[in-house]
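So that you can tell them apart, the chains are marked A, B, C, D and E in the order they are listed, and the count of residues begins at 1 in each.
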């Protein structure tokens, strides 16, 4: 994905900033817009057709507009006009390989976060950009495809009468961030399980396939860390400075997500430490095993040498050789071979060269 | 433990923040609540039944409430209501894999620390979260299981008439932190002893088991460092900013714990340096040993070659060969073999290839 | 290039600072000067002969003077006088191996950036210094050779009636920086493609040529990172402090380039991580392959040993040897050889020593 | 030493902070107390019996009390009462494995430094804690054993009429610090000499003993760096903030020690760099040497093969074989063996496989 | 040099700070003092005899006193008295292994820099300390030996009428720093050339001598980096804070040297990266080459085995063996040997084991 994205990005070269081009993959047939408007009194939910997005009327409560599918730039421009978004905000929403960040545009905050999930089909970790705009009484969220990530929150809004509905747009923004950060933990679990399974395999047999798997996990942990590290800064800056958007009561909740983000980073660091240790064990056990095999083979070769020499000696054609005429000569020779081999085996065994 | 914990945490996904779920292991049959209330005049100690926790009346002195066992969420909610704790504080107390941290909630400080102890059964290092709430005149502490960690402090409170009892809740909080940090030293000792024993074993024989032990110690030292590093920051921030909770007289004591925490971190760094050096020695001595063995075997093989060639030469079937008909021919041939072998042994000995 | 540049630089030793010497390569026949003067109303474009550069008259709009070819120091001195540039600014423009930086000279900002491009002929990445002077109503840009980098911007100025022309010199400076940073992405793509192609080759056969290619990519990624890292600082300092030159409306655009620069740095770090992992895989697979080959050869040698010994035994010249006189003796001997070889192959096969 | 110290420290677990327990070794028979009282006018020196330490009367000049031997806790408590020291200061003086630090107790500064010296007997580097209390007109110093470290300073105080005696307690504290930091240089010299001797040995023969010596030096350099690094911070903080204790005139002197401490740190870093380089050379030359030896042995084995084959061929029992009946057959066969061996030696010689 | 210096430094142990001892080498017969006094009007140059140094009278212009040779401590004390230098300044001038630094003594700045030059005789890089004192209207410079480093500046002062002479002492100090930093570039060039030559040699043949050369260059680059890194800080602090000594007009020039220092540091980092890559290539190609050689030898050995076995088989003494009595038996056996060898060579060739 990232390769394709970067390619398209370079095609933007020379366009005016703010020109809307969707840099990313078209992952859904047509955009879906979900609109929730609520206050302590009630909640109104509607699915808008793309065409009517610009004409939505506002009530008094908190509004949450969620968009899946970003490839219809006309619709995006429409939404941008409706909520007074800066052209660069729209551009960043459409470029779906942004780093997590927060930008203060005076009337609203623009927040970019990444969502991580197991891609069950590919058996690897995929990630999606979630862009969020937080205004005084509205929250806009944008994703490339419908992942169902935010569905639990919608459930809570529908069911949880009065509680979350009373707390306004900043609490909703917090709840979205909390959901995303919490979702990291299930990815962490999968990474940890794969790491532990890998460790078990490693102790049995160090194969080159394991080496590649080690590097694969390391790469995924690094990619995830790259997304969580700036997220930590984002949340930290929300805690410290953006008091206009997050009220005093919401601050402890932000600090809580901050702790979670730090926790995720440290868990990823643990995984990377484990991986580094496994790499050492891998390399050491591969070279150890081959060394032992070569040693055993060399020992075997060495065992045959005296016997071969004795055979050679009694194969010489001298007319006058001891034992040659004796009836037991052949057995004596074989006995010498056996005795020497026995002595050598004993010595090698004691030196632990045959294990 | 950490794997299991993370698993449960991901089951919380989508729940409202502040929903009380015990993320951790149930390690004790039922919660135990110990209550100490004291001032310079006297001390009153009681063990509460879980049910009556909410109804405790307050005297004038300092109150210390200690809870072992966190799985009865109703009890926890009870305590939370009684002392006016924020829902996130309760949530963090129940999530027992928090990083050490301090949060200022205005009326009270919430401090999370880890306690390390040797798990004699497993032969490894275990750790427990100790959560602490410090208010103007009370201290609450929470642990998953009764470890007896804080018993020495209770002893001092019972016995030491007037001295510690006069100094209030902040000094009590300091004393708890001091006890926890001091307990790190015995874990450090065990790690150091294992490291030194490992070093002795390493000098005798470098076995793959030692490699795993090396990585084991490294992992434990790293895990401990991860817990002590944020603790250092916690104590540092208590020293600098939280003057509301820690009076001027208690400040030097906090600085003292700070020094201890730094000391622990540096000792862990020393252990990690030692471990890194041992890894080098291990890898070098393994490859060195196998190299020497292969060299000895190769030397032996080389020693047999000239003798085998001589035997081969006198085993040729030419009708006309020197020495063949001589009576001493056989002995001359053996003599040649022996002489050449002797010369080679001398050369190899001088080049130190037979050691 | 860098070697030659440094050489010339050392020839400046002992000259007065501000003495104009072109430290770099002469890459174009004669300097080319392009002059654009525009405001919302219109745009005037002219190519100046070198000699007349000093005498240009000024209208009311924004002026953009672009110079290709820096080796005529008289011309440069001329331009310097015309726009009141400090001698050190001219010296830095002529020294084309500067680090990216921004210097505030009161009346104007002096900005140095590097432009990266694929050198199609050499198959490697080349870079050019772009020096920029930003005054209240003018922008000067200086390059060693005509690369066409800034042509898209001229196109937009010519075509895009009124929009970009209204926004003044600071927006023009932003647009130039944006173009340069955006151009990094195509270089990044090429680096990524080469890295991925390398990875594919590596999985098939680890050759010493790949090792050199790995180090080549690493070196280019490092060189590029060295140029982007200070650029990030440059843009950051523009965002924060130089409010005199960049108006409030241009600030979000600068922040946007800043994000891009950080993105480039992180992509380069990813490439370097990939490279580090590939180096591990390379070294491991080389030693692995040779180890396997040596093992197979050793196994083959070992297989022949018992057969050779049997041949030696029946080649001994004892008068009285079993089987010697039998008609099937020869076949029995061959059968023993075959049987032993079969047993050994079975054992080695089971131990996976023949793969 | 450090192991034993940490053990005793863990025995303190659960004691009240400020309880005086000597954590360290008892290294001298009984404490020795040296008292110097001086001003520009004169100097009075006395050795106190332990018992009378508490009763010392004060004159008008500067007082320097030095204590060797810390195991009599009653004496220490006595001194603490006399000079109004905080219990934690006494505790830190008795715990002789403190990190270098400075604590401001309002009326006095408490400074902990380490003194390094060659332990001639053990051939390694030993270190001692020197604790110092600096008040308005007195300096107290505490050491575990009489090392004579501070004797040169006493000599200067006795001899140098008026100069140092005029400059007060802060200059005395500076002079003590200066003496300690200067003493690091002789330890540095010894480390450097050992490193250089090691390098010479390494170029001649890489033995496993050298590897252990390399790690030994690395460990000592690291231990020393750990003591000097916080010392640098201590002196830096004295320079910047503690203006109450160090007068303006003494500041340049402190800055001077600061430079020395930085110099020591950098020298230690140089030594560690050297050591890292030597480790590379060691590992490379060990594997190189064994490789060369194995190659020579393999070459020798290869040289014998064609000769052995020829012997085998003419040892076959075919009734009809060429040369067999010839008189010179034997010599021809030997000639063939010799010729082939000669060709092979020539080839191997040219390929440089016999060096 | 550095070893000798440190030795002497330890002999200072216990002397009063400010005691003048020349710690360094005596590199010139007797001190040479050059005095330049100039203003816009004219320039007066004189060489002072050591004895008269103290008695120099002052005119109105800028004074530059340069001293080569620091071993006559009486002379140095003389100069110190004449210009009111602090004893520690004199001590630092005489200790010629100082780190680059700047100290503000109120009336003057004391600056220590290192000068690097190729030692043509030794073929390595030597360095000298240049100490500089900058007062309101004078500059003092001190070096151990006459290197001619500052001669170009004297030339400019003599020739360049009015320009540099007008600009005062701070500009002179800048010009000296500029000259020193510029001189680093020629050392950089030599290092780069040696690195590139080394790389060429490495691609042809990896010899142990190259390994030592690699470490030699790494060490020199590291030593130089250690001197330039603090110099960067020195110049940075001059730019920021010491406005008393450097006037506003001189600031851009200082910023220019700062850029050069950063450039030098980055070039040194590039060299170190190159060196690290070469170390990888070295180790890999050494082990690769030996591996290939051993493989070829093993292949040769394997080729002989079937032939030897066939010879052995037909050398057995069975009365009844096939082919033995045939006329072409011998040729058939040789044919079998040849055929098997041919098949094996083909297989090994295809597996690329013979390259």
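In this section, a residue touches a chain if its C-beta (ideal position, glycine included) is under 8 Å from a C-beta of that chain, and two chains touch if they have at least 3 such contacts.
These numbers were taken from a predicted model, which means no experiment stands behind them.
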Angle of rotation relating subunit C to subunit D [CA atoms, steps of 5 degrees]: 145
Fraction-based call for subunit C against subunit A, same above half, different below: different
Distance between chain centroids, defined by C-alpha means - subunit B, subunit D (Å): 27
Intercentroid distance (Cα basis), subunit D paired with subunit A, Å: 43
Residues of subunit A touching at least two other chains: 287, 294, 298, 301, 308, 312, 315-317, 321
Complete ring sequence of chains beginning with subunit A, oriented so that subunit C follows: A, C, E, D, B
Touching residues on subunit D, where the partner in the complex is subunit E: 152-153, 155-156, 160, 163-164, 175, 178-179, 182-183, 185-186, 188-189, 192-193, 196, 252-253, 255-256, 259, 262-263, 266-267, 269-270, 273-274, 277, 280-281, 284-285, 287-288, 291-292, 294-295, 298-299, 301-302, 305-306, 308-309, 312-313, 315-322, 351, 353
For the subunit B and subunit A complex, residues of the former touching the latter: 3, 6-7, 9-10, 12-14, 16-17, 86, 88, 91-92, 97-99, 101, 103, 105, 208, 211-212, 215, 218-219, 222-223, 226, 279, 283, 286-287, 290, 293-294, 297-298, 300-301, 304, 307-308, 311-312, 314-317, 321, 323-327, 329-330, 333-334
